[in-house]
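In what follows, a single structure is set out as structure tokens and then discussed.
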Amino acid sequence: MADGTPPHHPAAEAPAPLLAVRDLHAWYGESHVLHGMDFEVRAGEVVTLLGRNGAGKTTTMKSIIGVLPQRRGSIMFEGRETIGLPSRRIARLGIGYCPEERGIFASLSVRENLMLPPVVKPGGLPVEDILALFPNLKERAASQGTKLSGGEQQMLAIGRILRTGANLLLLDEPTEGLAPVIIGEIGRTIAALKRRGFTIILVEQNFRFAATVADRHYVVEQGRIVDRIANADLEANIDKLHAYLGV
Amino acid sequence: EVAVKLGVLNDRSGVYADLSGEGSVIAAQMAVEDFKAAEKGIKVEIISADHQNKPDIGAGIARQWYDQDGVDAILDVPTSSVALAVSQVTKEKNKVFIDSGAGATDLTGKQCSPNTIHWTYDTYALAKGTGGAMVKRGGDTWFFITADYAFGKSLEDNTTAIVTAAGGKVLGSVKTPFPASDFSSFLLQAQSSGAKVIGLANAGGDTINAIKQASEFGITQAGQSLAGLLIFISDVHALGLQAAQGLVLTEAFYWDLNDGTREWSKRFAARSGGKMPTMVHAGVYSGVLHYLKAIDALKSKDPAQVIAKMKEMPTDDPLMGKGQVRADGRVIHDMYLFEVKKPAESKGEWDYYKLLATIPAAEAFKPMADGGCPLVK
Amino acid sequence: MAAPAIPSPATDRRQGAGDRAAFAALLVLIVAAPFVLYPIFLMKVLCFGLFACAFNLLLGYGGLLSFGHAAFFGMASYVSAYAAKTWGLTPELAILAGTLTATVLGLVVGSLAIRRQGIYFAMITLALAQMVYFFCLQAPFTGGEDGIQAVPRGRLFGLIDLSDDRVLYALVAAIVLAGLIAIHRIVHSPFGQVMKAIRDNEPRALSLGYHPERFKLILFTLSATLAGLAGATKALVFQLASLTDVQWTMSGEVVLMALVGGVGTVLGPMAGAVVVVAMETYLAPLGSWVTVTQGVVFVVCVLAFRQGLAGMAGKIWRRLGRAG
Amino acid sequence: MEADTILRTDGLTKDFRGFRAVDGVGLTVRRGTVHALIGPNGAGKTTCFNLLTKFLPPSDGSITYKGRDITGMKPADVARLGLVRSFQISAVFGQMSVMENIRIALQRRRGHSYDFWRPQRLLEALDGEALALAESVGLAGFAATPAAQLSYGRKRALELATTLALDPEMLLLDEPMAGMGREDVERTTELIRSIARNRTILMVEHNLSVVATLSHRITVLARGKVLAEGDYATVSADPRVVEAYIGGGGHG
Amino acid sequence: MLTLFGIPLQALLGQLLLGLINGSFYATLSLGLAVIFGLLNIINFTHGAQYMMGAFAAWMLLAYAGIGFWPALILAPLAVGLVGMAIERLFIARLYQLDHLYGLLLTFGLALIIQGLFRNQYGISGLPYAIPPALTGAWNLGFMFLPVYRGFVVAASLVLCLSTWLIIEKTRLGATLRAATENPKLVEAFGINVPRLMTLTYGFGVALAAFAGVLAAPIYSVNPNMGGDTIIVVFAVVVIGGMGSILGSILTGFGLGVVEGLTKVFYPEAASTIIFVIMVLVLLLRPAGLFGRTA
């Protein structure tokens, strides 16, 4: 995408939220994990989900993209109800998912992994930009995907959804296992993506990092949103947050 | 009033299912009906099972039939290894075993049993028929393609003996894994041996594949002849005349031999979906008929008596003609040498054979003295 | 490579109680059955049951799918038949000879096969078993496709005449029970614990200082030995040793038995053997429909009853436990 | 070799099809210290661990442990010498209970491992010790829980307890804190500190605050080579380390 | 005349060529198997039955509709491929995330059913199918007499193998398929219709088997058991080549055909066992087969 052009997603200007989650419940088999999540994300925003281990952050992400079929409630994306759709249809609407466990394919080379997700909308990053962002990947392009180091795999997982043109990115703990220098890099990347009009939902343990990139934070506890804090108010609420996160 | 139970034990799912299988059950039923057993006060029940060409399965079923189900006689049992095992069990349980489908001469030779009768053919008779005839027609150098198991080897050995006795020579042989689907390499070896006759000492699918490929490689056009040492009409049907034409083969029965065979075969075909009977089917019919005759004569089904009676009475029926059950259990009757017709010569769907010669009963089978059966020493 | 979907042995105590109950039920059945059913059929079931349980010791508890177990079963059956017929050994010695042959063969095949995993392991065992098959086909002492026929049952310890089916049945039942108890013990032994750990997470076991190959080799050899015990006994029951027992289809059949019965349970495969053998015996009159029926059973098992009979029984047992 | 050096490598090198992941690394770990191995992603840290524990054969170089050359040994034998590792992805026996997990390790030391003819009851003799170990990592209440059902942090704790059961002289920990929440991070830091009292620890970790609090000495790897070495203050002040690893906005 | 190990060189050349021809059947069959295994992780034991169905489809087209060899070469694989797709939808699709064992058992069961049904319908001896008129006759190569049809078989299977290999290894389709086997949920979450992809792939693998069946019809006995005997060997080929390696199974298919051909000359009894000997050696020396990737 050339610089200077206006954000290409028409929803960006619309007042309606890009994603609206209402009373979302989700189950793993018989265990009820999400108990009525309610939150929304406007176009162009970076929003984080914070919470302790097991609070239900990952489950929320999986529910949005639809890989967890047992869910109820409402998830509206660009004004469309997606709760009944299979995940491939949801992805085609323009949602990119970077899973917690990275999901690098062992039987594919790094390049093949990178090229795997199909382009769903115009406006994705060109491959060169992605490789420039993560030089390690370029160097190891012909390696088997899972032969990469832990951190390199994380870069690959993020990199591959930037290509697809999805305008909502779901990043589940993208900084886990990354060296500080790369975390800084990722932070700058997220900022750049935001400038390009991408909308991002970020799950993070590392709220100091989150604070550097996010507009807003939702606090998740036992499958519910228990608080929302604007980034600007973060300092003021730091004690409350520490209590939530058990620090 | 005698009640007998017959068990038709044969291959119902494997390579020999067409030449024996359900057809043998039909043949046994026809024998019971034709004999009018019920009117003569003999109540006959027929059961059947699949031995899958495995001796342990065959022996197991035989044992259970005799022990549990009250079977008096077992019929058919193609595949020599199973037949030998069933013969063993039959002797132990003192019942009656009338084999039609198997080829082993040992059944009435070294491993003969007072309770076993071998009806239709054996490897010696096949060798004698086809081997002898080929040499007589000038095919005096041979190369064998032999299935690498006892039946194939015995067919090769028997034929070798006949061929050399008739002044012919065996130039070589190759043992093929069993079963095999590609014979081109073996055919090529046979071809380069320069032998006039290529003897196929195998059966079923192996033979079909070998013949099909021989025609493809132009072996016969180049002047060598093929001798299928054991070919059933079902095999010829599967090959089609185009590939099978010119083959010389030995059978104990052909549907189109005479009025008697034609009449019976038509009835058989009507009950088996249009398929003409093989000699194995005919042998089952013939054997059951003779068995019932013996029971009728004795008004008893005591195995020892029945077998003695069967050996005493000459055999005589429309399918196999006149013959005799020898003391070693071997049934002797005429055998026939056929040649497979060219497609142009055939007048109908099952019109496959030309009769070349009739081998009289007395010459067709191995003399009892040479068999090594301990019963007749 | 593939998700671990072979049901794994349950850990809890309830399993132990379930096992004891199943063993007790089995004992009652074994004693009562010959009064109702044909003893030879029962002996066949018992021999195949032991074979299937031995196979399952390897698959269910070692996570190793052998596709060549027929080699041990069949080879032992040849040796025991040969020993009884040609050397005139007494039945117990013939069985011992067969079983030990399987042990040695197991050691050899195992030491080659355990170096590979998953499907490659299965394929090596298959290939080695095919070589054993070829050997049996070619070696003169096996009698080619006729097999070794008319094997004498002989006198146990030179004293007890086994020609009566009921006497033989008692012997076979004793042997098979002993085999099953041995399997139970192996599974629930210190060795079994380590094996379970290796199956669960091999690299971790390695990092704790265990040599997984040694454990696998021992397990393999034990499994081969017990499979051999089953084969050797079978040869005497049927007085016949034949190629059927060394063929790859037999290796496939034992997988089927284990699957139908329930992989990863001590006695499940026994139940699987009952079903498979009964099907073969009682469907035989169906002729060519036998294979179709067998095929349907396979398909239904895989699609609907992956836990096997034992899995279903376990479910019912647990439900009863909850209710009661 | 100095008396208090427990592990040393010289010129340790690993090539993967033309790609050199570890390049002539010389590492000296002193007995009784916590030694951290840090460096950017793909620097070769995990590969180093794999080389040290023999999960990979080195292409070149030698490894000396307690004065013994272990370069050509097998993984299980290295473990038997008391050099035991943990994994970057948590490694427990998921289908076994916490107690059984620990017992497996105890069993290795106590023998009976090959006894297939004896009852499992024999192992109950180890229960007391196993329980004590579970307690020491705060898992006393979970003794009967199957390991697969534990939360991430507790799995890590179990892995440590299992490792401790071997009574190793030296532990190699690969990113013990990865993916942990704050709570767990703090608990685990304490745990490692207590373990370290009478053992040697070599650890890989990206969480610099953990590295700073725990380690006596730090080696920085980059592109397979040793970039810097020293205590936290020295290393974190090294401009090359800042450039390659910590970056401008380092999060401590 | 020049001889090698007591065999005239000329004869040896002929045998090599025959081995190559047989190898082309192995290659085509194992290619289908490798596609299905490599991409779907299913060990397709029904492959032999599907090969048989290909041959029967050709026969049926001729017997019931008067359609000859050339159209059958396209139509039969298509028809059998459709049957394969139905099988995949109904049964196999439920097994992707399970252990290999289950796929193997299910397809084994299906093979039993299919073979049994054909046996009941058509008997066991087989049915005649003639070589197409355009391909009858033979070339005299000097050292042997090569039937034109066999030459055609080699050419046809070479073309097929190479194009399949190109499609799978050199396009994104192949990568997508491999990824879909590993983690279908995630691939689906990228917006790809994984179930349809799987169905098509299975159908394609099956169609390859059926194609080999049509090629075989004029030279081998067309009977319900024709695949059952070959399947184990074809498996061995795939394993030796490296499970899932497309190129590996093609090359190994041809190579083993040659090795088997030579065995038929020097030790014919062992011709069907040699492949297993090679398999053991290969797996012991190269754990993942000749061309396989180590996991």
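A, B, C, D and E are the chain letters, set down in written order, and residue numbers restart from 1 in every chain.
Please note the rule applied: a residue touches a chain if its C-beta (ideal position, glycine included) is under 8 Å from a C-beta of that chain, and two chains touch if they have at least 3 such contacts.
These numbers were taken from a predicted model, which means no experiment stands behind them.
Counted as hops between touching chains, the shortest connection from chain B to chain C is 1. Looking at the partners of chain C and chain D together, they share no chain.
Of all chains, the one whose mean C-alpha position sits at the greatest distance from that of chain D is B.
By number of C-beta pairs in contact, C-E leads when A-D and C-E are compared. In this assembly, the C-alpha centroid of chain A lies 45 Å from the C-alpha centroid of chain E. Averaged Cα coordinates give chain B a centre that lies 75 Å from the centre of chain D. One simple way to say how far apart two chains are is to compare their mean CA positions; for chain A and chain C this gives 52 Å. With centres set at the average Cα position, the gap from chain B to chain E is 36 Å. Shown for chain E are the residues in touch with two or more other chains, namely 116, 119, 269-270, 273, 295.
Contact between chains, per the stated criterion, is found for A-D, A-E, B-C, B-E, C-D, C-E. Chain E contributes residues 41, 43, 91, 94-95, 97-102, 105-106, 108-117, 119-120, 232, 235-236, 239, 243, 269-270, 273, 276-277, 279-280, 283-284, 287-289, 295 to its touches with chain C in the complex. Residues 16, 19, 38-43, 45-47, 88, 151-153, 175, 178-184, 206, 208, 243-251 of chain D are the ones touching chain A in the complex. Of all residues in chain B, only 13-19, 21, 148, 174-177, 179-182, 184-186, 188-189, 192, 204-205, 208-209, 212-213, 216-218, 222, 234-235, 237-240, 242-243, 275 touch chain E in the complex they form.
Listed in rising order, the residues of chain E touching chain B in the complex are 8, 11, 14-15, 18-19, 21-22, 116, 119, 123-128, 130-131, 138, 144-145, 147, 149-150, 218-221, 223, 225-226, 229-230, 261, 264-265, 268-273.
Contact residues on chain E toward chain A in their complex (touch as defined above): 172, 175-176, 178-179, 181-183, 185-194, 244, 293, 295.
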